[in-house]
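What follows is a set of structures to go through.
Each of the two complexes below includes chain A, the first together with chain B, the second together with chain C.
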Partner chain A sequence: MTTAKQSLEKIGKKLVDDIEKGKNPEIELPVRALSNIIYDKKTCTLTMGKNIAKRYFFNVAHAKKFMQTVEVAAISKNLLEEGKHASLRDVFYMAKRTIPNTKVNIVDEQSESDKAIEDLELISENAREMLNINANKMGSVAGKVIIEDQGDRIDWSKLGSGGWSIPSNVENIKFIKANAKYIVYMEKAAVWERLHEDKFWDKHECIIMSSQGQTTRGIRRLLQRMQEELGLPVYVLTDFDPWGIYIYSVLKYGSISLAHITEKLAVSGCKFLGITADDILKYDLKKHFIKFEENDSKRLAQISGYDWFKDNKDFQRQFRMMKEFKAKAEIQAMSARGISFISEKYLPDKIKNKDWIE
Partner chain B sequence: MTTAKQSLEKIGKKLVDDIEKGKNPEIELPVRALSNIIYDKKTCTLTMGKNIAKRYFFNVAHAKKFMQTVEVAAISKNLLEEGKHASLRDVFYMAKRTIPNTKVNIVDEQSESDKAIEDLELISENAREMLNINANKMGSVAGKVIIEDQGDRIDWSKLGSGGWSIPSNVENIKFIKANAKYIVYMEKAAVWERLHEDKFWDKHECIIMSSQGQTTRGIRRLLQRMQEELGLPVYVLTDFDPWGIYIYSVLKYGSISLAHITEKLAVSGCKFLGITADDILKYDLKKHFIKFEENDSKRLAQISGYDWFKDNKDFQRQFRMMKEFKAKAEIQAMSARGISFISEKYLPDKIKNKDWIE
Partner chain C sequence: MAQTKLTDDKGELKSGRTIADELATKQREISISEFFLKNRHLLGFDNNKKSLLTAVKEAVDNSLDAAEEMKIAPELKVIIDTVGEDRYRVIVEDNGPGIVKEQVGRVFGKLLYGSKFHRLKCSRGQQGIGISAAAMYGQLTTGKPIKIWSKISPKKPAYYFELFIDTKKNEPNITKQEEIEWPEKEHGIKLEIEMEAKYGKGKQSVDDYLKQVAIANPHAHIVYITPEKEIMEFPSVTKQMPKEPKEIKPHPYGVELGMLIKMLKESKANTVSGFLQAEFSRVSPAVAKEICDKAMLDMKTKPSKVEVPQVEAMYKAIQTTKIMSPPTDCLIPIGEEALQKGLKKEVAAEFYTAVTRPPAVYRGNPFQIEVGLAFGGALESEELVKVMRFANRVPLLYQQGSCASYNAVVDTMWRNYGLGQSKGALPTGPALILVHMSSVWVPFTSEAKEAIASYPEITHEMKLALQECGRQLGIYIRKNIRAREQKDRVNLFEKYIPEVADALARLSGGKKESIIASMQKMLKKNMQNIIQEAMNGIEEKKEDDGKKGEEK
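On to the complex of A and B.
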């Protein structure tokens, strides 16, 4: 297997070769534009198409981007050699230096170094975590799992009320032992604390994992690794609204902005556990509806039209009912039926009856 | 010591007494208005003044709030009896029920139950964490500290790259052992990951703790408990901008909205470690300035005028320089001088030279 450092060196050597041959140094990379993003029906994920662009050093339109790409490649190579990790923001500050004898900075805005890093992911075929560039840190996990990380042996079932804090980069974690039948991933830390206090993971032999709001790349990659290496199904628990369903959509199918790295992040087997329109009817939660705002309606229309949802009857039925309700509902609405209703009744029933959508 | 449950029962008994004596049931509580919030120069914290309000059951203007307060008291008592915790959102859904034979809900908006809970904190003299009502969960911690929580013994130095995930409620944590000389609290998780990867807490025998953005009540309370129970100084590391200094201000002096609970949350001994205007000059970081927007200037003017900063020459000097710069700077700008500059040079020097502001 080629290491990240080797792929960076290969890129560098190729450029040196071009120079020695008297050629205009060039970098090849897939076109990163919506027109080149494809929904692959076989793998059920968003991936890059086959359109290739060439970036030349001696080309006024390309020179700056060319230099930025080489700069972040050099930064990444240093990080890999030193065994250190940097955030996107760190890389920006490291790249933001003035070219000697000019007044030009290599980058002026973080968006430039971010784009260069995304290009580098494509060119080197490594997710940026493998290039030692980290995303945000967020989220907690608990369950009967023992991992090894940075020389420590960590038991996710023995971490009190807090749980293990998920790092931004999970590439080097080793799974030592896992007693779990499935994973429940939820968008809300408060719901995680509810399930954790009720020892849901202990009673039902599973893993509970949460973010707070966004699903970070660290979380996506950890879920993917557990799905693949531990062979566990992943159930996604969100609010009943377009945003919740989009959280599921990104996990399962990938996102447009990260389509170039889908295979490293997509949790293709994950299932949508709820909240569904049917749950709302079954458990009489209509009185806890929150009326749709205009942006909710817009988002619902967008999501309904996605290629991967268009022919999915089960999801289209949910979308239709949501549109009729003109309302959304939160997971915490379950608390109206008792503080532990979610962990004692709602989730066990849903999972026992395989009452999920995919 | 009176437990939280006992103080709730005392409130209930007082109301039953009123009823049995044929009196109009009343609840006494300090006035929660800006006019009754005082900056106490002796304790250096924001606290409630002495103005007391009475809330009557038979009073059209008071009846609903009276009922809401009693309702959240009942919910809290149930939680305490069941040994369970709820989030603010959970309590809202539990209180949002229709009064029999009417069309009136006890609460319609979360702001109503939130206010009732704040009142209950005042009346019962218990922070809501002690009433088993939790704030948000956020943040990570690492260091040579062993705690006991929920029957687990947790070693903060053996948790790999992730660290311990700080729970929303830290009331029941027991400190078993601590080898640390101080605590560094920082606003950014990415900076925490930098220090953690560099084993800063190991090399300098300290504790590193972070949030992501806001400083939650769980974090404030944990810092306060470590300051008091472990006798450790707390250093606050933020960006050089009005928002960073406000993070320090809330930790040290309390906040206006939570003035009623300041003594339970304030980390009164904490010191502002940086980034300062002097650091920017010393380390030549001006080129990484980010220009002030209008809201930055406004916020700076507000903060400069706070009672607790007004006569503080060191902070006024910082405010003056920030105003002259018309610019802010991020902690990560240090990365321009090398990825580990912050952990190898900047922080060790600052702490060795006692180069903080308070």
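On to the complex of A and C.
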């Protein structure tokens, strides 16, 4: 088996070979766009299609991206050689410098180095973690679960108000003991704190988990492992807006930019708990609506056209109602009915009545 | 209602007097000066910063007009002096004909007095409100009089005045008048107004205003001393004086009913036919007859005897009668060459163009539109372009959004000419656009003379001029800028090579120097192809832009 380091070396040698033969050096990589994403109806996941793009150095439009790609490849190789890990932000700063005698930076924003790293994953066929590059930790978890991580035993029920903070690489975590019937994953850290303070996981024997905004890979992988290894159902709670539903979509089907590693990340059994349009009506949340902005409407139109939602009657019904409301609502809007309404009434009712969509 | 208790059914007070009687005791004539005292925003004195600008503007407008009337190149000196906190002294001196001592009081101390209101010709001032309003504003905020020095000839003595405006009577109150020595001056006016004001830099500042004046008046020489004692000089760059403004009579199409009634009443002509021919331009005996016939009016009627319903008939008849367009030799455009010269001396750019449209007519008033454009050089490349608006060579700094000039710029499709533009916004790019309207009567949207009203004929002419300048710009951009940008990008390869080679050496374990050498060899060999490829890229992009334009 080739190691990550070897595969990076191989890429370098191939490009030097091109140059020495007088051939415009080229990097091949699968096209990372909706047009090259295939929705597999059998596995219910997104996978990368076969469209290949070529990136040349001697091409005005490609040169800079080419340079960024080989730069992060070289950075990753050094990390592997030294046995150290760097965050996405670290890599950005390692690559960020001004080319002598110009006003041009190799990378100007982190989004550029992040993209180059994602490309590198495709080119080298190695996940980011294998390249010794980690994302920031962003999530928390609590529940009656005991795990082992790097030799430490950790009890998720005894970590005070902050809970356990989920690392970006969860491959080596071992589950020792789990006392839970299901997992509730939520978009908002603030809602997690609410449920944690109310000891929701204790009262209802479950695991609560959150990140801030989009779900990181570490969290997706951890959810996937818990679903498969502990056999727990995963319920997803997000804001009532297109962005919230897309968070669910990424969890369940995979994301467009990371379709190449979907099999390692997709939580294919997860269910969308809310907030649904029906919750809005049932709990009288309309008065806490926030009006749609133009980009909300645009996003809604995009999402409702995705292959994996196109024939899903339940979701299409949600999209239709959202379109009619022309408004969104936050999970926290439920606090208007009492601070612990969500933990004492909303979630228990939803789960008891199996009131979810998938 | 509380009032009903005091009156009976006939609207009489218990005392026997009617309400109208009561009100009558409170009704009195409001003097114009009093009116403006309460509505000073109408004249551009809404706040301290704007007041300073308005005062300078009114004085400078008058001085330029005065020198030109004497057919000499204007020499102006503008000084703004700090007196105390929020208090400044505005001093403006010109080389115009001066004002005879008997008139000084009325010119500076009476509102709506002047030589310009009763005539139709291209001059900067129109109504004769400006400078006396500035004097009144100074008096109101500081209690100080306006000071005036005037000399009308080297052979005659100079005079010094201090005067206040009696706001109730709208009359000057001269508190000091004396003969003085002013040997270094041949003729001209110097005035000084002390006022509450605020001095600032940047947009809508006095500095900005004078710079724009210099652009539109390349024949004028202006020296300006700021409150920070900084001396700014705007030299004259052309000896060519604007041609002398010709007065014209109003055209019948432009007259309103109320005005027609008033003109008839005041006319000294013996017959309506004579009245029409004497008071309006382009009315021949035949045209006068046609109007009277259509209005069923005897041509020989005495003008003051025409009843209001008949005036209405006359008014309608005018609109349906074919009358020749007004004469246009009364217009004084800056001219394409002078406009470019003016831009070149004040704006550091790399490309200049200007277009003067042929004269046109709105509501019987002749007018002419000019557009100037500067591009590149030191102009900001990422921002919205700056629009400079002028009316009879006077810069307009406020109310940009409601001005016909601004809207014509926004409505022009600049993307076709190589600038960026979002829908409904000014274009972006390193450019400056100047729009000038010359007319015997510029239709301002308010008394403060800040924005030009959007008559369709005016907007149409502006757009044609803007498009013409845009086409010139588009040709220039395609030829020069894009080609240079692409070349710059190709040059970047040379800079990228060491970086890429370094990374590749680290990746492959190869030698950096030999990788660099091989890459440089390739670059030399393929340079032509790469440039060509890059240029093809532009051509394709250009076609795309073209298509987008069509779709809209």
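Keep this in mind: the second predicted complex is superposed on the first by the 245 of 358 C-alpha atoms of A that agree within 3 Å, B and C clash if a C-alpha of one lies under 4 Å from a C-alpha of the other, contacts with A are read in each partner's own complex, and residues count from 1 in each chain.
The rule is simple: a contact is a pair of C-beta atoms (placed from the backbone, for glycine too) under 8 Å apart; a residue touches a chain by one contact, two chains touch by 3 or more.
Since this is a predicted model, take the numbers as computed values, not measurements.
S.K.: Between chain B (first) and chain C (second), which, if any, makes contact with A:A74: first, second, both or neither?
M.R.: Second partner only.
S.K.: Return first, second, both or neither, reflecting whether A:I147 touches chain B, chain C, both chains, or no partner chain.
M.R.: In the superposition, A:I147 touches chain B alone.
S.K.: Could you tell me if A:L34 is touching chain B, chain C, both of them or neither one (first, second, both, neither)?
M.R.: In the superposition, A:L34 touches no partner, neither chain B nor chain C.
S.K.: Scan A:Y93 for contacts with chain B and chain C and give back first, second, both or neither.
M.R.: first
S.K.: Tell me which partner A:L8 touches in the superposition: chain B (first), chain C (second), both or neither.
M.R.: In the superposed model, A:L8 contacts chain C only, not chain B.
S.K.: Check whether chain B or chain C contacts more residues of chain A in the superposed model.
M.R.: Ranking chain B and chain C by residues of chain A touched puts B first.
S.K.: Mind listing the chain C positions that touch chain A in their complex?
M.R.: 486, 489-490, 492-493, 495-496, 498-500, 502-504, 506-510, 515, 518-519, 521-523, 525-526, 530, 533-534, 537
S.K.: Provide the residue numbers of chain B that touch chain A in the complex, in ascending order.
M.R.: The contact residues of chain B facing chain A are 79, 82, 84-87, 89-90, 92-94, 96-98, 134, 136-140, 147-154, 158-169, 172-173, 189-190, 192-194, 197-198, 212, 287-288, 330, 332-336, 339-340.
S.K.: Quick check: in the complex, which residue numbers of chain A touch chain C?
M.R.: Spelled out, the residues of chain A in touch with chain C are 8-9, 11-13, 15-16, 19-20, 22, 24, 57-61, 63-64, 66-67, 70-71, 73-74, 77-78, 99-102, 104, 106.
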